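First chain written, first letter: the chains are A, B and C, and each begins at residue 1.
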């Protein structure tokens, strides 16, 4: 297990306004080389969780308890200096908008230089030629031409900028990369190309990858294992194939039904009635209860634990009970 | 009035933006011709940069075509000035992509939806308020009294978009141009808003120009589909046919970009 | 939402910001001094009854001038002129800046080019020399001359900033939305765009008022004001005339100087809290 997170909770405490529990008591275990998806809609906490795992939370967000053990070390308690040293060969983060993550007045080559210099090992050759060579190699891996090294962000298209961001993340040879909505801001066709590049990279280099996205389709296509989040909790965690064929949690089911193939003979567009929950409240019970077609009394009273169902786990009282009955039958 | 509604006809419309200084000029829309019949639901699909939003702006009078004509009955939309534009807006309305950007953050829902009633229908404040209540109920923001005094930041994305739709409906238009109306909403909320648009179209005989890059929603909402690539229409036809039997390479690429897990064998 | 309720909420929001609170307190002190000056002053500011050129003493806390006048009373009375001029000329400069900025920002093209050219010209011309020339030329020697001169030379920076912000807001979708709702130009500019610039306009006003305090004092100090009125600038004028620094009369320089600095600082401090005025939650009904 390269990453073991236990009991991670994140709270937003703005100067004025309510406290918001963005992530509640989440446990995650990731094996080396896994490609995992983290899926959910706005406000479910997936990006916050991604930031927490990479220690990138900023005030007013605060991690309120929990342990994040990366390769045995609890990174949740590391100070700034040790954390920075840990980034080399550790965890990298690729953000949503390549255009926002790149400095508009610096060339791409300069970006590589900044990253490599900031995390230099003693005695490492950081001459211009060496950096250019390494930068070119990294650009190759994301299928960009070497000429991009001399260019500035505004000269690049959205897809190219995102590839540069990925290359920068690869520069430190991380063992785990968290991608936070890497293709959301991109054109539909470019999205596909960039996702293919990410999958190729993951296969070739073997890093553990976490893909955070609101797009269930993209996640199901790219990843081996999917975790579905709702209202700050993980409600289902299953292999991608199983999730597609037979989701256990009613929310996953409903979410899956919102997608479809535009080429099919019969197409219907479904939604989920109701509105997402208010994160400033701490309700008891399952957060999906008001919108759940299977809701029973117990659902409003008790928060369902993640119970093994099939090859994965789901947090649903009704389904857990059905699963237990089927086992005993 | 929907008895004498003319079609919206675009004839060889081109829009070129001149480059600034040493920059090249950009042709956003290139020789586009199509028409939207009264009561029809037409889809315009393409990736970003294909010119879809530029077309939307030209049809609603925010931009002028560099060449070609946009005819709404006898009216040359591309030549209108402020008085004529205001008359056009009483018949042609727009629903925007970003519901937060489309609402003035300092105005209440009631104010925003009241203004077109007062401007186009000549209503008094009291009459306009009553109409606002009806409109809010129509778009699913009920009870209207609860939403009328709210400010945009107090609403969710889906609710804001419904307010934008209510505002567009307020003047009883003949054509609504919806530019990616649900792309910024959560997937689970899209169906509700789209169903609202489609129902309104059917019930009120409204024409709808639905602009999107999402083929699934285009399939459900529209009857006729136009595929736009780099400012040109590369394919057109009945929606189902275009999606199931695409002819142009770009359409094929758009369809391929839809993630695979849901692709069934057709 | 009544303007009164909005004003009250704005005030409480300013109050919650530490720096702005400090600024508000200092400004209130000056306002009280100005309003109640006749009741607060220990002596008449113009009565030449005291021994001349005295240092601070029990009778004259700030000492006396070369003409035997009580400096403390002069400083207190001077607050009236300074506050009046800085608020009035600040307001005037802001009105001009907002008008020109809105017009230039909303209509790109010839109008914008012309106004921007005039704006740039006004920015380039040094303000103080221009003020001196204008004041000398007008020969009015009244407070209102000063207000006019300062007001008409301080609009340039504000106008440029407001033009820029208007230009940005103009392309926002809620403005297009308003046009689609049938709103006419004046309403779009004053009811859609301007309200979204309140904190910018207020900050502009504060900056203009700050500059006006110093400008007014400078003009008075140079003798371009009315030497018979009592203001911080005229105290400095007489102090300079009577070589206060040579005779060791440091209070004559320090007292009005400190007052000027404190008033300017109070405006600057309040400016720190002004950003919050654009927060839509100020307009919530609940």
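We take it that a contact is a pair of C-beta atoms (placed from the backbone, for glycine too) under 8 Å apart; a residue touches a chain by one contact, two chains touch by 3 or more.
Just so you know, these numbers come straight off a predicted model, no measurement behind them.
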Pairwise touch network: line, ring, star, complete, or other: line
Chain pair, most C-beta pairs within the contact cut-off: A-B
Geometric centre distance via CA averages, chain B-chain A, whole Å: 33
Centroid distance [mean C-alpha coordinates] between chain C and chain B, Å: 48
Centroid distance [mean C-alpha coordinates] between chain C and chain A, Å: 52
Touching residues (chain side chain B, partner chain A) in the complex: 47-49, 156-159, 186-192, 194-195, 213, 215-220, 243-244, 253-264, 266
Chain C-touching residues of chain B, taken from the complex the two chains share: 60, 62, 82, 85-86, 89-90, 93-94, 96, 98, 101-106, 108, 112, 115-116, 119-120, 149-154, 164, 167-168, 170-171
Chain B partner contacts - residues on chain C that touch it in the complex: 172-174, 176-185, 192, 195-196, 280-281, 283-285
Touch list for chain A against partner chain B, complex: 41-42, 187-192, 214-218, 220-221, 244, 254-255, 258-265, 267-273, 275-276
